[in-house]
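The structures come next, written out as structure tokens.
Each of the two complexes below includes chain A, the first together with chain B, the second together with chain C.
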Partner chain A sequence: MTLRATVEELVREFRANGRIVIVGASLAGLRAAETLRAEGFTGSLTIIGDEPYEPYDRPPLSKQVLKGWVPADHTKLPRMREVDADWRLGVAATGLDRDTKQVRLADGEQVPYDRLLIATGTRARQWPNPSEAALYGVHTIRSRDDAAQLQKALAESPSRVLVIGAGFIGSEVASVCRELDIPVTVVERGSAPLVGALGGVIGEIAAQMQREHGVDLRCGLGVSSLEGDSGGHVRRAHLSDGTTVDADVVVASLGSIRNVEWLEGSGLAAGFWGVGCDAGGRAFDINGVVTDSIYVAGDVARAPHVLYEYQFLAMEHWDNAVLGAEVAAHNMVNLEPNYRPHLLLPGFWSGQFGVNIKSVGVPPFGDEIVFTQGSVEERRFAAAYGHGGRIVAAVTFDHGKWLEYYGKLIEQSGPFPPPPPGWDQPPDMKPVPAEFPDPRVPTAIPDVVLTGHAPSERTAEFRPRRH
Partner chain B sequence: MRIVVDLNRCQGYAQCVYLAHEVFRLHGQEALTYEPNPDDERRLQVERAAAACPVQAIMIDRVEGADRGATS
Partner chain C sequence: MVEETPWQQALRYANRANPYPFYEELRRTPVARQPDGTYVVSTYQEIVALLHDPRVSSDVRKLPVPVAAPAEGSAEAEPITEAVISLEPNIITQDPPEHDRDRRMMTPRFVGPPHSPHLISDLEPEIRRIVDGLLDNMQGKTRFDAVDEFAYPLPVTVICKVLGVPLEDEPRFHSWIETALDALDFGPEAASEEMQSRLAGGRRAVQEFGQFAADLLDRYARQPGPGMLSAMVNEDGPEERMSQGVLASNALLLIFAGHETTVNLIAHSVLTLLRHPDALEKLRRRPELIVPGVEELLRFESSVQFWHTRSAVEDIDIAGTTIPKGAPIFLAYGSANRDPQRFTDPDELDLERCDNQHLGFSQGIHFCFGAPLARLEVQVAVGEFVRRVQNPRLVEDPPPYRHNQIFRGPRHVLVDIDGIHD
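== the complex of A and B ==
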């Protein structure tokens, strides 16, 4: 048999009888499992998830669930095909041994794999002071249990809700509070809401929108401490300017932490920004060498993107989890040259204060912004972000159907300012600085991160050259 | 039944809202929200809504219930 025929035979055998383990039983994990079966993988499939629930969708949690319209357990994801997997739910993976190719579980069991997909996503950053975080009435929101608890607290008509951090999730929570007619204070360390994701120019519009809807918005401030009553219920927050806010529900929306701790000691390139992988989802080890059997997808992945100067992007977006999982799963059961790249043009949506905010591309990659359509006063507009004379992202407020147009331009590295699609142009189309905060300032945490490289992170093993 | 709407793709045309207003709602001018796990008796309505969506953003489960070993 020729070598090529032998390799092809091996792949056939792997597809028929191989063992694939997926760690993380959420959006990326489920979509990967379905794709593996769609690609003809008939071997054994094990899906490990630390939550006790089958895969559910998270975006509704901060929107229709908090509002009380949809119960938190009504967000189960649809199944697009039979995955015939061995589900290990309610048990965490605690370690990875790449020599023996085994995943260690919290209950002591070892699960062997031929190929592994890491899809452990992120978790909510908790309020940093543990005793204050433990006060009754202090919430974060990532899981369906979190959402159920917070929804219940909102339904009890609290006297005031304090939201700490005005990223997308914090802003959505504030919006729901106003819809429920609950007084809400939002404290944001950055200069405006959404500033990390969309920059200061759009942030200022988001700030006006919040204030128009009755949000007590305080920017450029931090919460220094939370104070509880004798019953252990949160009652008051002390802010960095010496003022206080009385609130009986506090929502800490401080961004997220990647679930990589279980990979410690595995020798994979796993760290603060997630697990490094190539554009095909194959994980890198700490030396920057790509592995053959370990793949990454979803919020925990960090991969180079051709459109953004090959910078490593970490994207906490729904479509990134879906597409990244499909690409990784395809590549797990195929051979070169049939590998596929994860060439997603990132997209995001957020409904808040009755406005549909959508973006395409990577806004923080831009340094300038120009309003191209509509009217800021009417909260219906499109704006484009530019970098080095080309368009790199766009954002719309209630102008979603134009995003596709901008998306095409971004894919083609079109010019900035872009030619507007010839409709409803604002009178002033002058680019201005987009006003993104310095990425080193740990205030507003954007959900697409240009992780670049960190020379201070000397986790690689350097060896002197032998002559 | 279970559905998910790809809201990156959705353009807020609201056809689904007209066809199944218990399941799909507009929040403001164009932000769609929906009940991801509607009652089974809404299936026909939801299927019609999915078929009418001009950008095919509504995905409906093709497999009944959960798999072996998966509980809710």
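== the complex of A and C ==
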């Protein structure tokens, strides 16, 4: 038998009888499982999830579910195909032993694998003071249960809702409150809503939008403490400027934390920004060496991106979860040269205050912004972000059908400012600073982050040569 | 005699039944300059790029007239664009911000939430009744015309109801539409004396049709009635109302586009399935395939073969060519939908085709306004045809075609049948 034939036989054998474990039973985990089966993997498949539910979809949770249009338990993800897996739901993974190739579970069980996919995603950052976070009426929103509880609280017509943090989720919650005619105060530590993801110029527009819709928006402020009544129900918040806000529902929307703690001691390049991997989803160890048997996908993955100077990019986006999972799953049951890369141009959407906001590329990579189409005044426009004379991202307000064009320009490293449109030109087409905050400013963390070059960050452990 | 370009050959009436071999040749030059200065784009990726390019205008008022000096020795006639711009601008022939505002005003009254989220789906029982009635009428027949007796009556009845156009006016606007379509020629035959004389008739028909639409709107302004046109005249939205002229032009567009393309789509679907008995049989056995099946039929025989009112407002570099500022751009959807760079085996009819993002309804901001209604009508009509018609056979292949190249479709499709199932 030639070496090549032997390798092909090994691949066949693995596809037929291998053991694959997926940790994470949400969007990325499910789509990876489906892809494995579609690619002809017939071995054993185990899917581990810490929530008791089958995979569900999260975008509706902060929108349709909160409005009461859709019950939280009606968000189950559709199955694209039979996955025939051993589902271990309601039990978290607590450790990884790469020597014996086993995943440890919270119930003490050990699950052996030949190949492992890490898709543990992120969780909501909780209000940092535990006793205040435990007050009745204090919410976060990330899971199905979170959404169900918050929806119930909103349905009881609270006298005022306080939203802490004006990123996308916080702004969407504020928008839903106004639609339900509930008074709402938003406190944002940064200079404006959405400032981490889209910069201060767009943030200022988002701020005006919130105020026009009756949101009591307070920027450049923090919440110092939450105060409850004798029954343990939250009643008041004390802000950093000494003022107070009376509210009986508080939503802490402080960004997310990547679920990597269970990987401690595993020797993988796992840290604050996620688990480092190559563009094919193969995990790096702490020395930056690619592993052969461990893959990463979804919110928890960070990989170098060709369009952004090969900086590591972490994306908390829906299509990143789907497409990254598909690529990782494909590569898990194939060998070189049949590996595929996951080279997604990041993109997201958000609906708030009656406006559909969409973006492509990585806005925080840009340092300038220019309005390219439409009218800021009418809240329908496109704007492009530039860095070093090339276009690196674009954002649209109610102008989403043009994103395709900007996406192409970004992929081709087109010029910045981009060529002017032939009609519907904004009055001012001069690039201005995009006003992104220092990435170290708390709560201004965007949901797409370049994680590669921060000099203060060192997720790899340096081991000098010993012999 | 200058040799004709593949595009000119594709547009000849003699090739109406099968322009595809010429499209294939055309795609070798994805962006092909024609002797009259028009740039014809025939490949999928390039068309999609231009549909999303804000340097491309759809505004007829920005079209250069005349297009260009005729090439030496060629018998270029009066440019076709002249007939087109005699229409007032409507949502197809406008750019943002006017386009966006007018479409925003029309959308909620047609498909859109929040005003009428169920309008289209609520039409399904009525559509089924009409289709059933048409097929019931064929009981006892052994031959029928799938255009006159099946494809035409359904969409025209539905659009009259949706818009609020009296069905008894149908013979009048039908004749104007036919006259106008027969007068519009984008190929080398436009120069012929016959087409020149038809052109005059076509212009008259468009004017009369426009007057008809304006009168109808006047009537609704005095006395509101059912349907979308009355709503557009009488109901105030958050934005400024359209001018009377633009309103009438959009009304004309809705009446015309609301059924014309659907007629061709149903006729082509029947014709295509009769040419592919395996596919027909598959659809009979698995009726649930009607949804992806109609998408495939839309790809296979695009109702709108190309569109002709776009132009470059800046120089545009694309596929190794620069389309100069001011040049008219024709986007050849019918060719893009058969582009092998985009679709595997594009000349095969595959009712279960995956990744079938065809351009049968275009893309971008001018994406077909009536797509949801067209889809529903064709799904019901073709689905019921397949279910109820016994042993259908094509009498004549190819059937005679209508003259127009954009709205390409058979004039008649005679079908022999054994009977009609209940």
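Basically, the second predicted complex is superposed on the first by the 448 of 467 C-alpha atoms of A that agree within 3 Å, B and C clash if a C-alpha of one lies under 4 Å from a C-alpha of the other, contacts with A are read in each partner's own complex, and residues count from 1 in each chain.
Here is the rule we go by: a contact is a pair of C-beta atoms (placed from the backbone, for glycine too) under 8 Å apart; a residue touches a chain by one contact, two chains touch by 3 or more.
Since this is a predicted model, take the numbers as computed values, not measurements.
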Q | Comparing the two partners chain B and chain C, which touches a greater set of residues in chain A | A | B
Q: Report for A:16: first if it touches chain B alone, second if chain C alone, otherwise both or neither.
A: neither
Q. What is the contact status of A:80 with respect to chain B (first) and chain C (second): first, second, both, or neither?
A. first
Q: Quick one: classify A:380 as touching chain B (first), chain C (second), both or neither.
A: both
Q. Counting only touches as set out at the top, which of chain B and chain C does A:57 meet: first, second, both, neither?
A. first
Q: For A:405, decide between first (touching chain B), second (touching chain C), both and neither.
A: second
Q: For A:335, select first, second, both or neither according to whether it touches chain B, chain C, the two together, or no partner.
A: neither
Q. So, does A:351 touch the first partner chain B, the second partner chain C, both, or neither?
A. first
Q. What is the contact status of A:134 with respect to chain B (first) and chain C (second): first, second, both, or neither?
A. neither
Q | Set intersection of chain A contacts, chain C complex versus chain B complex | A | 380, 401
Q: Within their complex, state which residues of chain A touch chain B.
A: 52-54, 57, 59-60, 63-64, 69-70, 73-89, 318-319, 347-349, 351, 353-356, 358, 380, 398, 400-401
**Q.** chain C to chain A touching residues, read off their complex
**A.** 48-49, 52-57, 59, 62, 95-97, 100, 312-314, 363-365, 367
Q: Using the touch rule from the top, collect the residues of chain A that touch chain C in their complex.
A: 372-375, 378, 380, 382, 401-405, 408, 419-424
Q: Sort out for me which residues of chain B touch chain A in the complex.
A: 1-4, 6-8, 10-12, 25, 27-37, 59-63, 66-72
